[in-house]
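Each of the next two complexes has subunit A plus one more chain, namely subunit B in the first and subunit C in the second.
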Partner chain A sequence: MKIGSRALLLILQNAPYILFVVLLVVFGLMSDRFFAIANFRNIIIQAAPIAILAIGMTFVLLTAQIDLSVGGIMYLTATVLALYMTGAPWPVGLAAVIFMGGFIGALNGVVVTRLGVASFIVTLATLFILRGIAMYLSNTRTLMFGDEILTLNRATVLGIPSAIFAFLVVFAVAWVILHQTPFGRQVYAVGGDPEAARKAGLPVARIVFFCFVIAGICAGVGGFVSITQIGAVGPKYGDQIEFSAIAAAVLGGVSLFGGRGSVAGTVFGAILIKSVQNGLNIINADPYIYPLVTAAIIFLAVAIDGLRTRIIERLERRTIRPVSVE
Partner chain B sequence: MTAVPPAHIAQSAIPRSGMGRLLKLVLSEYFILVLCLLYVAGIYPFVPEILTWGVWSNILGDMMPLLVVAIGQTFVLIVAGIDLSITAIISMAAVVGASVMTGTGGYLSGSAAAVPIAILVMLLVGVGIGFINGMSIVWLNMPSFIVTLATRMFFAGAAIWFVTFHSTSSSIADLPRSFSNFSTGSFSGIPYTVLVVGMIAVVAHVFLSRTRYGRWIYAVGANPKAARVSGIPVERTIMMAFLISGACASVAAMIYAARMQTGSPIAGENILLDVIGAVVIGGTSLFGGKGKIIWTVFGVLFLVILDTSMKLLGASLFAIYIIKGSVILLAAMMDTLRNRILAER
Partner chain C sequence: MTGASTPFLRVEGVRKSFFGVTVLHDVSFAVEAGKALGLVGENGSGKSTSMNILGGVIQPEAGSMFLGGEAYAPADPKQAAAAGVAFIHQELNLFHNLTVEENLFVDAFPRRGVLPLIDRRAIRASTEEVLAEVDLQVKPSTLVAKLSQGERQLVEIAKAVSRNARLIIFDEPTTSLTRPEVERLFAIIERLKQRGIAIIYISHALEDVISVCETITVLRDGHLAGTAPKDDLTLQQIIAMMVGRSIDTIYPQRLRSGGGDRIFSVSGLSQPGVAENVSFDIRQGEIVGLSGLMGSGRSELARMIFGLDPFRRGVITINGKPLNDPTPRSAMDAGIAFLTEDRRGEGLLMDFTVSENTVLASLRSVAGALGILDKRAISRVSLDMASAMRLSTDRVDDTQVKHLSGGNQQKVVIGKWLRRQPVLFILDEPTRGIDVGAKQEVYRIINGLVERGSAVLLISSEIEELMGLSDRILALSRGEMVGSFDSKPFDREAIMAAAAGVGKLEAAE
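Up next is the complex of A and B:
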């Protein structure tokens, strides 16, 4: 009985990965093009912007906050880039985007931590404001980017396409911050139990603040990678992307209640979502069913996670009251 | 998460000085209503039309679909949940209902029973999606944010797909006149929509404030563990809140479909953040246990007045976005401040 539960738990714990393998096999059987190396490279290139965004979102979610403004940050930073920095070399543009994203994230963080307003509402409001400012600056037009940005899409670093390279760099930095530094441990501590973290002497407000800054920077960088792929920025740019980023993080095992999850999981979630879309595309599925399948997979993954939590609770209850006592 | 402040504003004695009166006003639950009046007074010199009957009947008309959805959302927020699927419910109910009663190739086109059955079907769609939401949260132990995010994606996509089976265009048009009357007709001077939504608001208010079930909703939202220990059926209470939200969204679908004489999968597509913003501006807490229907009415009124006045001023879309965002932020800050003052007393 107990061993059965443990085995079930093991399966449930790795459910997203099992789901991923099953999907790969299904798509692979339906089309031999799916398993081509070039196709995997495409999937990761397509997943790069959303994965970068979701990595930033992971930090915020780990502290039990939420950032709905990432789409707005993407749109505004890309618009400023298109309007005022057309002639600048791309590293300057990237630096500007990182600075602006970080600054907006800092504003979110200040309002959340200093004024104590719920992050859902603060970032909902900044989402409106940022999109409004970007529309004002661009006159609601679609702006095109010059060759300086467009050539980046085809550029490679050490044979790795630029989008994948950017994604790997962001992932590596985020992983080191989260898993190898005191700050990373503090993020988990704050999300796990803010009251206990406060009593342990952690600067809770400052930690939450920096998580919003990181989310802002990631939104800027994710937007930058996205514009190298699209080559333009219009009023629909980054619309509703906050939901995709949250979905990717949650698919990868990040809890909305804080304290649980990792950037590796998030990256996996983003790749899983893009693989599904890519697979549907390759098997020539009706485009109308893309959102249906994506939603069903997110739902399934989270449902399994809920089941897992329940089983863990049951197992832990047993260890508290040993069987021998009866 | 900070401690949940008391649901009822303390009416303790405050010195009758000017400062005291101002403080009392800020702390009163009619604060947002007063803000509405102040706003109208302030904007009047720039747009005198704001005080005409025509503008107010527009404001009232614009309020109704938002308000009915916001009422449902209030229930969900009080039980400490959130329902992001409301816009998808509106889309799905609108297109499925339209497919039943449309004059061109509807399941019951031309039949006398078409409209009543279509209305019933729309309600069923709303309650059905609400049931899926509630079931996943209660039985599968999933957070409401993710459940309703997934159902939102799913049914928004499904609504668009559904239309492709019934129409060559992107929506299902040609709804019977007897149905579109719902948005144009009136009963002794009161438009049907106002009548229906008003009745829903009154029932919801009585339900929340006067019945045992209403008290359960607050108890579950404030502290689910304590509620369970006190013998409250927590699961059933949460489920009911999501069913109500689904039903309310399908009423909004009827209003939109009747107004456009079309079942469109993108009707009300953009109102999600407006609805949540309005409910929270009214003072309902995102963390559960606190909220009132009357607050939601004020919140929706405030947002619609703001929207209308901006349009009258000829403000462009970006200005509306910026101002709406700032107002939501200001209202939330003020609410936090109010709660802090109340907590210190």
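Up next is the complex of A and C:
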């Protein structure tokens, strides 16, 4: 049984990669356009906003919390930018969304850590509040951005398209934070065993708080990258993107139960999700089937996570007497 | 090393009480640097309270402590740690998803200059150093999840060493270790002593205590029962000091039927790492006590019988019929009732009323046509239960279980099972956390169960309770049945010795 569990675990842990290869083969067989280099570049450009969001989500998920408000943060920060900062140079706009995103994330973090309300509820509430404020401010109109923002989409840095560059920067920073700073390792500690973290004297509340701040900042930045691509912000902007972000993280191996996963996996998950949408697009699938397929993938991701956690628990069960060697 | 040096830790006349009950009466003991003190006593003898005081978790009401010649009065665990007192608990405090080196430094990573970056090279170097110190040959970058239980414990010790602990307290360190791991641990403890670290070693496994410690202090009922160099004590003497009193008269008499048919049996039950070839049987109207230390597999055995945990081999027979691959449902249908160790967690729904809890295990019997619950039937059944159990309230429909006392909660748990008239009751620590008066009532109820023809498997950490109630006592150690003790009077010391894993004592038929 134990060996069977380990084999199953191995498959589950690599399920996203297996899925990815299968999808590549299927789409590749159905359309020769899918395998074009330009298409892969497109997929990564399209995946950039959601990957950035999902990277922020990873921090929150690692502490066994959840942030459902990222789509709202994205919508509100972009709306404020379109309404009040049309003439500002883009770096000012970027700084503004970073600040606003971080501030909203801090509000989430304070309510979760100080008032002890479940993050699921808190961020669900802030999601609706933020969307509500944005719709109120914009009268539910679709707002267009000027050339200052739009030209960014075509810009390149060192030959890399700006969206990909932004996403690489966020990824690199997040990776360094999680793996090379005391804070990052403590994030893992808190998520892995909150009780032990408390006993070890770690500032659990502060760590969780900063994860929400990071998720907010990433939501602002992801939204910013997204508006350079779309050029407009309307009531459907960022709608339900929180689920894609969570799905990307979970597909990439981040556990909803905290303590396990990495941003590299998350990025992979985001690219996987976008590949599916891109592939469906290329084979001219019925647009109404997109949500079904995306939902199926999310479901799969969560089911895999649950199964994986159960197996790991079984493998780590404490034994009373030595297990005889097989 | 001089024998007459002043002790490194001195505890003098420490007293502590909770809610007016004194749990520690002027207890004193001392440990020298480089020596080990064994602290033994039954459950409730005051060991944990003493350790909580040493660790700064609670503060004593009287008495004083000195550490390295200075007054020592930690206000919280952090101060205790800063003073160089480290604990190695049975449940280790490690993060499985971090590496060994990260675990050692998780709350105080060294940084690279002013940057908020971990100085990986520094933690690697000092981790390698302390790992060599505790003789653990793993890479500092290994995930703790990949280590065995024994290796994890060494990581915890390495952590204590890396923080310059001067007193290390081991609390039941060997319960989940294999024998070679135990030997290795003892070698490490020896090495720690040579470094001048003082050790306090707490364990129920008395042979281990004797082989590790120079001095042994025995606590009993919160009093100091005695302290002596280990060479002056035999195992039997230690046990006698721990026990030291006769069974009180709190155990009600019951009519002994002399045992009916064998209605329940387990044979060859095995599960790797948990149980090895466990066999026993219980007769109708018989109370069989199951004795064993924490972590001996008592509760796990009960969980396997009730279908909560899997087992690989073995046959369970109830009423002459085999119970194959039990699930809680099939076990219940076969007539097994299980009172879990954790009333709050598993046995009762605290926010529900007495009535709701009463019928939970037998909902079908109070449902009318179409499976709709009959409220009046529920009330009637619950009231019957309440009077049979002599519950403190008869407002069964309005009283939430969380508002009952511990003893009354236990009555509800037993009462709800009674409705099903079980063949076998498995009671796991039925009197934990309830006061003496309520205990007595629970004892009466247990006697009532067998008088009504049920069989009882009683699991308890309190040897006296087992002796007071059981017809027969089985001893379990490390998942193996190591003794069966029959006929009163029980040989308390033999039972304790067996449970402590001191050789395998054969049963007197």
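Observations on the structure shown:
The rule is short, and it goes like this: the second predicted complex is superposed on the first by the 284 of 326 C-alpha atoms of A that agree within 3 Å, B and C clash if a C-alpha of one lies under 4 Å from a C-alpha of the other, contacts with A are read in each partner's own complex, and residues count from 1 in each chain.
Assume a residue touches a chain if its C-beta (ideal position, glycine included) is under 8 Å from a C-beta of that chain, and two chains touch if they have at least 3 such contacts.
Since the structure is predicted, the reported quantities are computational estimates derived from the model, not experimental observations.
Of the two partner chains placed by the overlay, only subunit B lies in contact with A:Leu124; subunit C stays clear of it.
Within the superposed three-chain model, A:Tyr188 lies in touch with subunit C and out of touch with subunit B [touch as defined at top]. When both complexes are overlaid on chain A, the residue A:Gln180 reaches subunit C alone and has no touch with subunit B. Looking at the shared chain after the overlay, A:Ala295 reaches subunit B, while subunit C stays out of its contact range. By the touch criterion defined above, A:Leu10 lies against neither subunit B nor subunit C after alignment on the C-alpha atoms of chain A.
In the superposed pair of complexes, A:Val25 makes contact with neither subunit B nor subunit C.
Comparing subunit C and subunit B on the residues of subunit A they touch gives the larger count to B. For subunit B in complex with subunit A, the touching residues are 2, 84, 136, 140-143, 145-147, 149-154, 156-158, 160-161, 164, 273, 276-277, 280, 286-287, 316-326, 328-329, 332-333, 336, 340. On the subunit A side of its complex with subunit C, the touching residues are 1-2, 176, 180-183, 185-186, 188-189, 191-193, 196-197, 199-202, 259-260, 316-324. On subunit C, the positions that touch subunit A within their shared complex are 77-78, 93-98, 102, 106-107, 109, 111, 116-118, 120, 145, 149, 175-176, 178-179, 272-276, 295-297, 300, 312, 478-480.
Residues 111, 115-118, 120-122, 124-136, 140, 243, 246-247, 250, 256-257, 286, 288-292, 294-296, 298-299, 302-303, 305-307, 309-310 of subunit A are the ones touching subunit B in the complex.
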